[in-house]
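First chain written, first letter: the chains are A, B and C, and each begins at residue 1.
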Amino acid sequence: MLKPEDNERLVRVGPGKPAGKLLRRYWQPALLSEELPENDCPPVRVRLLCEDLVAFRDTEGRIGLVDAYCPHRRAALFFGRNEECGLRCVYHGWKFNVDGDCVDMPNEPSDTPMKARVKILGYPTIERGGVVWTYMGPREHMPEPPDFEWTRAPATHRLVSKTVEECNYLQAMEGGLDTSHASFAHNNHLGSKNTLRNADTAPRSEVELTDYGYRYISTRNAGEGRCYVRVYHYVMPNQQMRGAFTPLLTNLNGDDPYVMPKSDGHLWVPIDDEHTMVYNWACSSDQSVPLSPEFRDRWETWAGRGANDLIPGTYRLKRNRSNDYLIDRKIQKTQTFTGITGINTQDYALQEGMGPIVDRSKENLGSSDKAIVILRRVMLEAIRAVERGEMPPGLAPESHRYIRPYDGVIASGTRWQESFAKELVAKW
Amino acid sequence: MLKPEDNERLVRVGPGKPAGKLLRRYWQPALLSEELPENDCPPVRVRLLCEDLVAFRDTEGRIGLVDAYCPHRRAALFFGRNEECGLRCVYHGWKFNVDGDCVDMPNEPSDTPMKARVKILGYPTIERGGVVWTYMGPREHMPEPPDFEWTRAPATHRLVSKTVEECNYLQAMEGGLDTSHASFAHNNHLGSKNTLRNADTAPRSEVELTDYGYRYISTRNAGEGRCYVRVYHYVMPNQQMRGAFTPLLTNLNGDDPYVMPKSDGHLWVPIDDEHTMVYNWACSSDQSVPLSPEFRDRWETWAGRGANDLIPGTYRLKRNRSNDYLIDRKIQKTQTFTGITGINTQDYALQEGMGPIVDRSKENLGSSDKAIVILRRVMLEAIRAVERGEMPPGLAPESHRYIRPYDGVIASGTRWQESFAKELVAKW
Amino acid sequence: MLKPEDNERLVRVGPGKPAGKLLRRYWQPALLSEELPENDCPPVRVRLLCEDLVAFRDTEGRIGLVDAYCPHRRAALFFGRNEECGLRCVYHGWKFNVDGDCVDMPNEPSDTPMKARVKILGYPTIERGGVVWTYMGPREHMPEPPDFEWTRAPATHRLVSKTVEECNYLQAMEGGLDTSHASFAHNNHLGSKNTLRNADTAPRSEVELTDYGYRYISTRNAGEGRCYVRVYHYVMPNQQMRGAFTPLLTNLNGDDPYVMPKSDGHLWVPIDDEHTMVYNWACSSDQSVPLSPEFRDRWETWAGRGANDLIPGTYRLKRNRSNDYLIDRKIQKTQTFTGITGINTQDYALQEGMGPIVDRSKENLGSSDKAIVILRRVMLEAIRAVERGEMPPGLAPESHRYIRPYDGVIASGTRWQESFAKELVAKW
């Protein structure tokens, strides 16, 4: 359990809020590159950390991310015209470039001094790994751009997508970091004990603090003198990295697209206090093996967000809170633990089912929740660091540039640190 | 009119609220037995007195009614698996029996002391009369189970159903206790004065306080030296009982299913402050006459909640606030007083039309409102009794076990007390 | 920009609020005459200045506008029966005439003194110009009825309609009074400079205070030694009047129905703080030229509220906030400035896009906003006048009875005051 006042410090993300100030010290995903498919394409609404913004790609391909409202009389720039290196408000024609400068004010006399004075609030952007990132914190503290193995991998070897989750980012992220639920919520083979995750439902957890956050290791008894070890990374402040099942496990999970040697993960980016945009990425671990179209389709479908799983024109799931995720009680009796289709849809049902902001004062945490407990501690300490005027941890790309997660099986009594030494280093 | 502070005391039903504490001292309907049709069937969401719960029928047929959220990390138990005498959370597999004990905690070491310590909040339940009742008050004050004539009648002779009403329970119950509106809201034969209720639109009312609440009597001039007398019961804290029209009236109301010798009534059970679950019951008064399928269908349809009147998969009316109850202004001009189909749908239009919580400081009450005025007085006094640490009235089943309502016609100048003496006693 | 406390004074319209008290000192449109098409027709819900009312036309054709709730037990009179010179509540049959007197109380003894004592809150009404007007202020200050050229014109020469706008009345009205946005938001001929409004995008504005509010004049350079001059009226507290394009401009705007010699305008009537009923009127300026059915259809369609543009059975636009006004980005690139169809739909997109109540502390006003700045000043001063116990301006019909707006082209160097002298006087 968590004290209500600490919960409040962790979950509120608006400007000036403790967690809002922390999250603004890091580059955050604002939208996918594919949402701005070409120069001068239509602008896109972005709600991020409780702020309403609009993104546009200008005639030169630069991306602006500015206040959703024109500084003249507050008309919505979403309706604006993206033309000739600027976004023009359709109310009175005021036009702004990606830096926020007003470059045209056609309803005022041509010599008006207002044009030089008026600026629109905007944030710097950078494209990396198919994602448009932005930095919304104090300019003097702007860190180096995001730099992860998956953001360096070429588009052929990388996959990114996003989906809306209707709850606070923290309970979504806690669900992602949680390891033991995989044996229950994601058990899609009822009665079968021949998947490694199902065999041992009470994994042992270790958490090792690092400069970028922590890495944590879950160990399950795999029978026949073996252990199944998963090495995850939590990267400050809202990213997780996971390894793939190793080829060894192929025959155990024949229908899972896990057989690809890859890493994958999520970033849980707050839209506001009660909504989260989950960015999903996957990255081939083998430079000779790109992500095939068939793999991409199977992976996203398996996760529950394939082409047929989204409400057209949105990043929202058809299986959602309003329809109980289309739970099938007969399938739940006979085939899967939840009766819900889609690995991440199962997560959404559980995380959204808690309500928009879970009441952590009513929890009963056990040894399986170690990674969750330490996540909160790390976040609270980082919030305090910002409040003291210090730099929060994990800003320097060196701390996380070459990390890689990994899942594998080792002989009992051997150390994963040695067995996995090579696999835990980024190749890209 | 009622002082706003008294209104607040009467309408707020959450934990710790004055009326909430009073209502929790009595057994309350939580759901229908038919919602849990068999052992190990899917769990059902129950919102009751502002509390979110989940009900399940276990492998032995016992019914659990527990907190909607798992005490581990607050996942929704609605998604849970009902299996082997317990409801299992699909997040991490914690399992609870109908008593709220944690009987399995598979993601923790097998010797964890947490399993014995953790309980889930739950309430006792009992099935009576096709209804699952629960008691949500202090355990030391738990009264004997509900015991009315209709709960003792066999299923062949009894009918229960429920429908959602979108307003506070009190204004719904006040509408039920009100007698004079029948001549207006429920006048489905415009221009006809040959129904007894329409003939005399200003009935005289008497209210007699009893141990269980009160009985009240409305008397209408029926012409030809006769009176039409209705003897109702208000049973603390939220039930009403009404008699059927007598066979004498058959030819006067040929299309009403009132000809069956029976009693019927409602319980207005708060979902929360602004929503009410209305439980409807009817019970044959004649042990030799069961309720036929045809009667059941006609009765529920006449009330407005027949098989075709509900939104499929819900207990909500198709004719509802969002569509103005499909009022037909032409029928209102020519055939029925309201233009709305369904006796209780007419009630819902009027009770919900006041807004979710009516402002009783703006009322103008007359002599026809006597039963309403006394209802509020009795409820306020019972609230104060609980606040003083006393027992509220009507808890002992003896006080109401054998009461029965009745409607009938007597000669003017005779006393209904004598005329109805036999009919006012329960036979079941 | 405007101080937040002044903004609050201007935008809140409920009873007792500063702007609410000011607006209640003038006759306001309550509904269209056509909504009550015949005597004893069904009653109509009216929400006006945050008050819930119901309107009915009685057996003699008189219009009642009374509290939405029966004073007995607060049932909704919308469900009432409109019959024999009164509206009868269908709960207990209480009946009220257009003056608010209770004329029948059939569920009480016939000699009840309550009948004489009980009244329902109601407001006086008058029909003028196809509109039912009401006065909701103190009776002793009730001004003479509304009297404008368009309300005196016969139905053959006049058009009225209404549409719901989902924002505060003030930002809607500011959009209407704004002149320079016409060259942008309403530019439906991209690339064409041969419409006078598009040619000169920075018009000069003059504002002349008057007894009824102000008149304001925008002047655009029309080339070839000519100026295009528009003379508008702002009539306290929430009406605007505009002139038509003159016949001279016919060939420049071949598809605009502006060629009819007429005036037109809007009244922005608050439903509540966040919703506005916009009343639209047009009036032939030439007594020999009625408004033909074809003109009416073209005009309303051009504005975006033609017969096919409304959600059936409502005064709401199909193109609305929930569907981004069906903006077409391809048309926006190539044909029209906004990509939105319908002149007033363009206005709604911009005014509603600001949010329900715009934050005026974040504005940057220029010389083109002169009429807006003075509007606020005039309104704030009128609010203060009412607070001081004085009469606000513009109440006397003499001040505005014969005003008429006008648009025209004059030779540069000449004065519109002389050129337009005859056109600026009402003929009706």
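As a convention for this text, a residue touches a chain if its C-beta (ideal position, glycine included) is under 8 Å from a C-beta of that chain, and two chains touch if they have at least 3 such contacts.
A quick note: this is a predicted structure, and the numbers were derived from the prediction, not measured.
Could you label the subunit A-subunit C interface same or different, taking same to mean over half of its residue numbers are used by both chains?
different
Between subunit A and subunit B, two copies of one chain sequence, what rotation angle (nearest 5 degrees) aligns their Cα atoms?
120
Return the distance between the CA-based centres of subunit A and subunit C, expressed in whole Å.
48
Could you tell me which residues belong to subunit C and also touch two or more other chains?
Residues of subunit C never touch two or more of the other chains.
Which of the residues in subunit A come into contact with subunit C in the complex?
These residues of subunit A touch subunit C: 42, 69, 71-76, 78-79, 81, 89-93, 105-110, 112, 114, 117-118.
For a test of understanding, state which residues of subunit B touch subunit C in their complex under the given definition.
174, 180-181, 183-185, 201-203, 324-325, 327, 329, 332, 337-340, 346, 349-350, 353-355, 358-360, 362-369, 372
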